[in-house]
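Have a look at this one before I ask anything.
Labels run A, B, C, D, E and F following the written order; every chain starts at residue 1.
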Amino acid sequence: MTRADGRADDELRQIKITRHWLDHVPGSVLVEFGRTKVLCAASASTGVPRWRAGSGLGWVTAEYAMLPAATNTRNDRESVKGRIGGRTHEISRLIGRSLRGIIDEKALGENTIQIDCDVLQADGGTRTAAITGAYVALADAVAALGVPNALTGSVAAVSVGIIDSLPRLDLPYEEDVRAETDMNIVMTGAGAFVEVQGTAERAAFSRTELDALLALGEKGCADLTRIQMDALRS
Amino acid sequence: MTRADGRADDELRQIKITRHWLDHVPGSVLVEFGRTKVLCAASASTGVPRWRAGSGLGWVTAEYAMLPAATNTRNDRESVKGRIGGRTHEISRLIGRSLRGIIDEKALGENTIQIDCDVLQADGGTRTAAITGAYVALADAVAALGVPNALTGSVAAVSVGIIDSLPRLDLPYEEDVRAETDMNIVMTGAGAFVEVQGTAERAAFSRTELDALLALGEKGCADLTRIQMDALRS
Amino acid sequence: MTRADGRADDELRQIKITRHWLDHVPGSVLVEFGRTKVLCAASASTGVPRWRAGSGLGWVTAEYAMLPAATNTRNDRESVKGRIGGRTHEISRLIGRSLRGIIDEKALGENTIQIDCDVLQADGGTRTAAITGAYVALADAVAALGVPNALTGSVAAVSVGIIDSLPRLDLPYEEDVRAETDMNIVMTGAGAFVEVQGTAERAAFSRTELDALLALGEKGCADLTRIQMDALRS
Amino acid sequence: MTRADGRADDELRQIKITRHWLDHVPGSVLVEFGRTKVLCAASASTGVPRWRAGSGLGWVTAEYAMLPAATNTRNDRESVKGRIGGRTHEISRLIGRSLRGIIDEKALGENTIQIDCDVLQADGGTRTAAITGAYVALADAVAALGVPNALTGSVAAVSVGIIDSLPRLDLPYEEDVRAETDMNIVMTGAGAFVEVQGTAERAAFSRTELDALLALGEKGCADLTRIQMDALRS
Amino acid sequence: MTRADGRADDELRQIKITRHWLDHVPGSVLVEFGRTKVLCAASASTGVPRWRAGSGLGWVTAEYAMLPAATNTRNDRESVKGRIGGRTHEISRLIGRSLRGIIDEKALGENTIQIDCDVLQADGGTRTAAITGAYVALADAVAALGVPNALTGSVAAVSVGIIDSLPRLDLPYEEDVRAETDMNIVMTGAGAFVEVQGTAERAAFSRTELDALLALGEKGCADLTRIQMDALRS
Amino acid sequence: MTRADGRADDELRQIKITRHWLDHVPGSVLVEFGRTKVLCAASASTGVPRWRAGSGLGWVTAEYAMLPAATNTRNDRESVKGRIGGRTHEISRLIGRSLRGIIDEKALGENTIQIDCDVLQADGGTRTAAITGAYVALADAVAALGVPNALTGSVAAVSVGIIDSLPRLDLPYEEDVRAETDMNIVMTGAGAFVEVQGTAERAAFSRTELDALLALGEKGCADLTRIQMDALRS
């Protein structure tokens, strides 16, 4: 009962973080979780949205999107449909909240950092890859801005799920669609939770199953934190 | 260090479920969690969306919205803005998923039940009140349709959070804005989890805190299940 | 040849006006014309729209909408469709004009009162119920604002129509669809006309029929004015 | 106390109806009420909207719009704004209803006639000019379709109002903005009412004033009917 | 092998330019290229868009649109569709660029001239007719503004194409749809190119064919320049 | 008077074509013109749009877009703005026309190939890079579909312009903004023109200048054709 790609149940896919992928922005990362590829860009601008002006506090926000050819079957552009779908909104908000969780807005000063996470290819876990990569782009951006202490820590994210009654880490698309329960876990490098989102896809789950998923997520986020730190040192 | 409304930390607000509030739909409930009032209506129609036609399976979907005068400060209509916001999308999807978790789509047959949850007045916990009330409206609707066994169980939801370092159940608006961590828990009447969504609003939370919140949520959902059953018997 | 609900041709349905239905706004009314239920809320804010700023004059405006489950067959949300329909626009404008007809904008000062009329259940006459209820919510709001003299009078509205060649007052849905001619009449408490809208639904109407309808409308508005005054005194 | 353009109070502006202004459609009219110029086109197509298919009945519908340079101050295009305003919707619906009032949908058969009324220049009374011209375009279209008996009569429209306490017929823009009360009257050639819309712009109006306005409207519509008949004979 | 309307291959259709067609704007022209009729209006306003404010420079911009009944088969309104199509955008931008090519923005001062080109009837060449007519409306507008030297020259446009292997000038719709290659040429009165847009509709074209089309376009624009000058003198 | 990057006036930037960049689509190319990077994906599906069904002919269409961080200053997402801009529409249409110019729709059969060109980084010439890369992705897609003879030839595109009075090939952003005249030229591998679009950005251009630009474009397209062929052979 092994996984299609031969991984152990608590093992991440191959993770690649390529920094400085773009020339025009202070932070940019191509992050790969197996075949999932997300381009994360951190743009900086002076000033903050009107509702925050004069507060002395900075602002970090995020937008997530998918290229049409990223998925198995081509997905229509939201710009062409003229409206952003619920899933896109939901993930954009999740990424923004996760990053703001490790930002000291006072240290950032009245600057805005806009994170764009564009999925170039999707194979499950695009939102968790986006958060993991966006943190690295954000770290490069605050360093470039000269305010590295605007970061109070690091953040990483991973998906976990129960497939064929077994808890598994970092689901590719093929496992994701078969999962009975699906959970996204966002944690700081210090091991605290930023966001926990679990959904019973097929059957409600017990407290015991929930505890097993949380343990797997803690393990996966710790692994990702090490990979992020390696990337930032290189 | 008691709560503003005198409740114990693990105590629900006053919950009222008024069935048959509307005349044109098979199920309708005005649910009140303290001052939060949500009108939940379950409309039934034969047939299912095109992508599901011919499958023999039914469909349950939900939409959530807020009246402009529901909030402290008037919120503009999404119909006037011409687009639905991210928060609305997110909650509509949550309600739909939660209800589908206790539906036997085969037993429902090729019928669609559309749940509308309209917040008439908001004082925190509108999405959890909506799920809790919507279940009762749904139960009335499937009974009216003559397919009561389309329900495989019941579902209820409650918010929990850490305020001033204390875990508390069923947050009104005033506590919600002060919460360090905020969690929405959706459970079946049988005590299994359907959805767990926890967010660090101010500081990341530890596994110990997470466990305390989960326990509170289990207690609150059990209380709500009893209230739902009482309402359905009356 | 009596009416389905046993009323005389010149008799209103049972009218109920429940004030202070909401907690967050200075004026709110649940108005019922038989089974038609409209929630009317009057929100106040300091300042006026930009085009009026500096004039010393206040502004009253209104929005009308219907909940999806209000009607016999569920009607799709305009927020989901992404645009407001012609009928909604038309009625919103009618309500706003009718209320502005009894407002002294100078006495109101540079304040805005936003009226929201949301139809919770529809059984004919939603726009006339909305105007009739909105006036009471508006009266409560200007009193709460401390400018009761911003009202120069009262306003009420009723529908009339010719069904089976007979002029009738206050049409429920079942009569409305059968009406040969349909008319909405908005009048001040002092007996003057604010708005007269008559439409030949099936056959053009003669001046004699028009006169009969106007007389019925005058009678109905006078009755509604008395009910409004009673509600405001209680 | 005469009118700026020297007309008597019950006199129409100079009315011009130019038929066959366009080459691609079966009916087209440039109608002028003084400086108000509206291009009315009647396009015909076989078949009816889906909700009416198979009924054996035809369908007539109308759209009204204004060119940006039609008004004193340029008005932005609704296509650019991305939404149609309330006023446009309201007038489009009025024109459609007025024309359907004199159509025998059975005689029309399952054909659709789409009326487009585009205001090339506005100087008050654009909606009444549109209805008056559209009737002539419609008459040409049904004749071209070979179903002249699809018309059960004719229809014309005119504005009336009280300016400086005097009832006046066919208001140009300059009178329209000063009117205390404003009324649009749509009548059949046989002298019956199709639509009556009166609005108190500044002060509520008495039954006596209403009667005077109705009489003026009856006179104006009779004059317009004669002009329409002359145009159709030429 | 002559043309359907008997013209020589290098001959324009009958061109008519009627100035002062509208009363509210400083420049307005009804331009006709055969059966193609475009109403061009030039509105003036003080001030410029925000991004240009304080520069001392003026701004000229254009919008192009088609009435629904302008075409053989009725085309739906873009205001009703809620979005402007690609073709409309493209032509609006072309007209604006072409006119700005002969404007001295400094001499115009901080004023905006908005050009509206509305196609009343289409029979091929609507964009080239629009540019040709818009120039005349613009010339009248800058004269009315008292800054005639804001024009550095004149501009005219014409379509050319290869039909049945023959290069032809000024294509009506019937030729346009059969063209193997289609080109729009915009030139100044002094004989320089402002815009050249050639498209292989059926087969790629050789440099020799391109040269023949350019020569025809030069001839046609020179003819149109003479007609524009005649119109402005009259 | 050399170019900033040391190139000769008739020399292309470094061109890189990386095939098979994505896993889910039959054709995908990352094309680089210097720092301009465009991801071109060709998705295939059976069937054609409704208006073409039953014709036996295939369909090729294209969409162009820019990632927000692609440009010097972040550009807002069109999905967020809710509408596609004129420039995007125009370029999408250009790419589609250019590719259809070398497609034998009969040989393609009733299949649709959708080309998506997403600019990951922009430094001038994004539309010409998109066409050049899209051809290679299209060639891979038709080969994968088993209909290589659906291609009647190849297509490539390049920008040319006059900067400081000198005609130059393949403009980067820095030259593009300074160009007096700007031209995009699309040609087949056989040396025929598919599309010629020239615009006077600052001053109208003479026939002599136009001829010089056309010659440069012919040279550049020939070079690109060689690079495309090399890429397809590798």
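Note that a residue touches a chain if its C-beta (ideal position, glycine included) is under 8 Å from a C-beta of that chain, and two chains touch if they have at least 3 such contacts.
If you want to know which protein each chain is, UniProt gives these names: A, B, C, D, E, F = Ribonuclease PH.
What you see is a predicted model, and the numbers here were worked out from it, not measured in a lab.
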Smallest number of contact steps required from chain C (Ribonuclease PH) to reach chain E (Ribonuclease PH): 2
Chain labels contacting chain A (Ribonuclease PH) and also chain C (Ribonuclease PH): B
Self-contact between copies chain A (Ribonuclease PH) and chain F (Ribonuclease PH), residue sets same or different by half: same
Centroid-based (C-alpha) most distant chain relative to chain C (Ribonuclease PH): F
CA centroid of chain A (Ribonuclease PH) to CA centroid of chain D (Ribonuclease PH), Å: 59
Length of the line joining the C-alpha centres of chain A (Ribonuclease PH) and chain B (Ribonuclease PH), rounded to whole Å: 27
Centre-to-centre distance between chain E (Ribonuclease PH) and chain A (Ribonuclease PH) (centres being mean Cα positions), rounded to whole Å: 51
Set of chain A (Ribonuclease PH) residues in contact with two or more other chains: 82-84
Chain-level touch network, classified as line, ring, star, complete or other: ring
Ring path (origin chain D (Ribonuclease PH); first step to chain E (Ribonuclease PH)): D, E, F, A, B, C
For the chain B (Ribonuclease PH) and chain C (Ribonuclease PH) complex, residues of the former touching the latter: 22-25, 28, 35, 39, 41, 43, 45, 63, 65, 67-72, 74, 77-84, 88, 114, 116, 118, 120-121, 123
Complex contacts: residues of chain B (Ribonuclease PH) adjacent to chain A (Ribonuclease PH): 83-87, 89-90, 92-93, 97, 101, 183, 187-188, 190, 192-200, 203-207, 210, 214, 218
